[in-house]
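Each of the next two complexes has chain A plus one more chain, namely chain B in the first and chain C in the second.
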Partner chain A sequence: MNDLSPDDVQAVWLTLKLAGVTTLLLLLVATPLAWWLAFSTRWYRGIVAACVALPLVLPPSVLGFYLLLLMGPHGWVGELTQALHLGRLPFTFAGLVAGSVIFSLPFAVQPIQNAIEAVGMRPLEVAATLRANAWDRFVSVALPLARPGFLTAIILAFAHTVGEFGVVLMLGGNIQGETRVLSIAIYNHVEAVEYGAAHVLAGGMVLFSFLVLLALYLVGGKVRVGR
Partner chain B sequence: MKILKVLIAAALMALQGQVAMAGEVNAAVAANFTEPMQMIVAEFQKETGHTVKLSFGSSGKFYSQIKEGAPFDIFLAADVKNPKLLQKEGLAVEGSDFIYALGKLVLWSAQPGLVDDQGHVLRKGKYNKIAYADPKLAPYGLAARETLEDMNLWNVLQNKLVTGESIAQTYQFIASGNAEIGFIALSQVTKDGKVSEGSYWLVPAQLYNPIRQGAVLLSNAKDNAAAKALLAYLKSDKAKAVIRSFGYGLP
Partner chain C sequence: MSSVQASFRLQRGSFVLDAGFVAPGQGVTALFGVSGSGKTTLLRCIAGLERAPGTLRINGETWQDERTFVPVHRRPLGYVFQEASLFPHLSVRANLEYGYRRVTPSLRKVQVEQVVEWLGLSQLMARKEAAQLSGGERQRVAIGRALLSSPRLLLMDEPLSALDAGSKQDILPYLERLHRELQIPVLYVSHAMDEVARLADHLVLLERGRVSASGPLHATLARLDLPLAQFDDAGVVVEAELAQHDEKYSLSRLDFSGGHLWVGKVAQPFGTRLRARVLARDVSIATQVPQGSSINNILNARIEAISDSGPDKVMVRMLAGESQALLARITRRSRDQLGLHEGMYVCAQVKSVALM
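Up next is the complex of A and B:
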């Protein structure tokens, strides 16, 4: 085993932290969104669905570029965060989280939406006739039935955030311990012809990704994963 | 049959003629030299009929790409170290390197009036982030680091530094206002001999090791007449005038 420098260890932890926080936030955002997309009959449902799926097809460089401008001092997000005395998001961990949430959104929404659609309204209506309130229906009926969808969403969102590169490169500024995540560290090692260090991290990444996918197929064998 | 032979011979001759007349050059160019190179190449293509394809990036990145067999014909680096290294490794033609420009480092801000012409802003100014290019990859990043070290600011500013992977990205960080100030190449903000926007401090040359930018013919192209012509053209008075107009010095 090649030696892992403290900087690289830090990059690994930072990446796990980023993926963890992002996944948690995504669950909070994606669940109501997926719910709404599954059952809404509004005319603008298609527009919302298209916006949610946009990060699937856009190059990360496009996302990164616009996020950099939006979050910058002259962008409206930047003006908002400054007005709230939160400072600016680019070059910060919070900025990476914001970018990752947007970047990985479809990976969380779509599996949940599929699962909720598969469950359908019927079991919820039955629960309602048994006087379960809305919260109860959601927690005791919808959640357990849609569980494979949630698990898929968690695994995919986490893994996708770990593997994120373009957005982080354009937003992060490569600051050690703050924004230098694993993919950036690997990129730097390769660029600087430090192949030994790159191998350790890149090899680990391959192994990690394989295990994630394996888990995915073992856990949610029936849930389809597609881009 | 005879007619066929003549036709084939004619076709071959035409093909050969074309190769000799209109060559193609793949050029790897340091990001700081983007605009002057585009102007120089436009003129070169007009005069010679050769086609030049330009790639821009950091010198360190190009070095590793060339080492891995990237199909470049010439390499205009932001330093002399990378061209020399490539020669030593047999990837560039021995003795073909020369210095085509002397780079100048500026501390620049997109905001007018933020950077003073003595660089006092570094110590006293109000700013959250200062951008520079990765010193491992970009010679201008190294020069920026040397400058800050010389001013005893390197350790002080650690938590304000953000790193671009090339000076092109560094420029982008500053131009978008996400970093209020940063170190880039004078050429990036110079048009027709003057800095056109924002505010800047031309870093005194004694604060950093000279940025001698070396060009070299890569082994791929040792028989590529167009590539050699382009390198020769870089030394012409016309090209030198363009180089100077972007704020570079000449050897």
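Up next is the complex of A and C:
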């Protein structure tokens, strides 16, 4: 088990970095979105909800294909990033992050939305009548009451990003140190009939995923019992 | 200018709230009406939880008008919801102190210990989880939590309706105590006349989103032109003073401006102010002082008005003494046989008195 090549180590780190950055960004994006979906009564709420859920049912290759077009030199995201002198996103780490955020969006939004809906308007109204402003209400009431939803969102978004393959393949290709994440590295090993190396990475991924989930569930369970 | 002035308009589907009233700047004002009459919606508008066009002035301060909308968290109000809605993630103490900690110390008008004493919460303070409390205990904590935010207006939305009869009886004395000790106006939403008769000083009657009457409790309850007079439990409230005991028969005498009433013995000191409810169906009328009657309470009164109340009944409003109104629901036939008319002096026989 000690034949982990430097390239493979780099792939592992890149994957963890991608999953971490993606999860962090997702929390920032998904929380207001989930909040809006939970409480909005606008007619277009259903349309937004359907768009958010789309990555759940689309094959990753389809999603990746359209993201590639969108971020490419003639896509409007691509034109925007070029106009802002940010270059093009495909085949960069930033491009992978952008793709991952969209790909994993429903996995972060839905648990948070469900939790916020379960908390309901009432505790927030109570807090408002007790002098808490909007931010205070969010931090002191919504966040602690919806915590299981946030934990689930973190677990799912992280795990889902670690295991991502199709979108990465379409968007990021296979550039070592930039876009070659674990799943691609495993694929390469298998293609090259390096089953030993593939085993180390794949087995490690299974173990790692299990430990992360176990740790979070244990922490989550303990917190619930303690309150 | 010590008053609560509220006026709001709000449309929700087919329901239209178009309600305005002026209530005293102190004491308990009941917002009374059947389910669906818009009481809770009106209360939510007053709190700022519903954003409806309107005006709201509390003791001279404008909280809302055409140009102003003070957001909920900047309105110095306390709101007690129908269900206690304690924060499940906080302890009893943290729940109580939630609003208190958000009020600038120099603006705090009550201290935690004081409220704990008022509402008998000391036993509950040690409890870690708010979820373990009984319904009545939870509602007491919720009331204490609202009071500790030093409100200048207390809003209560049927705080007793989710409780069983026993918890209700436990909590009512605390509400009466608040009524006596609080110097702020209280708006109390209810559809239960017994609670209103017990706690309120002023009555705002809501019907299908509109205010159909607003006035002092005693006078409004005695009005014959309101639907209140058609209720089975129509009646008046008598504010009286405990004056004498009859130890032998275990009775107590309550004095009021229109005479006195004997009731079952009340174990409280003389001079205690008590509220009693006299229902129209428990009052009968005699044109002469009845002889050989088992009824203890006979009051001299003058008929002020008579109006129909159903096909066979009439409602008679009388005045006992200078200011105490009484209602009697009698048959139309009795009215004609006795030749009752306005201005006539009669004896009102009170068959039962409900002490509150």
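Criterion: the second predicted complex is superposed on the first by the 210 of 227 C-alpha atoms of A that agree within 3 Å, B and C clash if a C-alpha of one lies under 4 Å from a C-alpha of the other, contacts with A are read in each partner's own complex, and residues count from 1 in each chain.
Here is the rule we go by: contacts are C-beta pairs under 8 Å (C-beta built on N, C-alpha and C of every residue); 3 or more make two chains touch, one makes a residue touch a chain.
Computed from a prediction, not measured in an experiment: that's the story for all the values here.
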Clash-or-fit label for the pair chain B, chain C on chain A: fit
Touching partner for A:144 - first (chain B), second (chain C), both, neither: second
Touched partner set for A:127, first chain B, second chain C, both or neither: second
Contacts of A:188 with chain B and chain C, given as first, second, both or neither: first
Chain B versus chain C as contact partner of A:45, first or second or both or neither: neither
Touching partner for A:74 - first (chain B), second (chain C), both, neither: first
Which of chain B and chain C A:173 touches, first, second, both or neither: first
Chain B versus chain C as contact partner of A:17, first or second or both or neither: neither
Chain B versus chain C as contact partner of A:199, first or second or both or neither: neither
Inter-chain angle, chain B to chain C through the CA centre of chain A, in degrees rounded to a multiple of 10: 150
Minimum C-alpha separation between chain B and chain C after superposing on chain A, in Å: 51
Residues of chain A defined as touching chain C within the complex: 122-123, 125-134, 136-137, 140-141, 144-145, 227
Complex contacts: residues of chain A adjacent to chain B: 68-69, 71-74, 87-88, 90-91, 169-170, 173-175, 187-188, 190-193
Complex contact set, residues of chain C against chain A: 47, 49, 71-74, 77-79, 81, 83, 85, 87-89, 98-99, 102-103, 129, 145-146, 149
Residues of chain B that touch chain A when the two form their complex: 58, 60-61, 63-64, 67, 128-129, 131, 134, 136-137, 161-165, 169, 172-173, 176-179
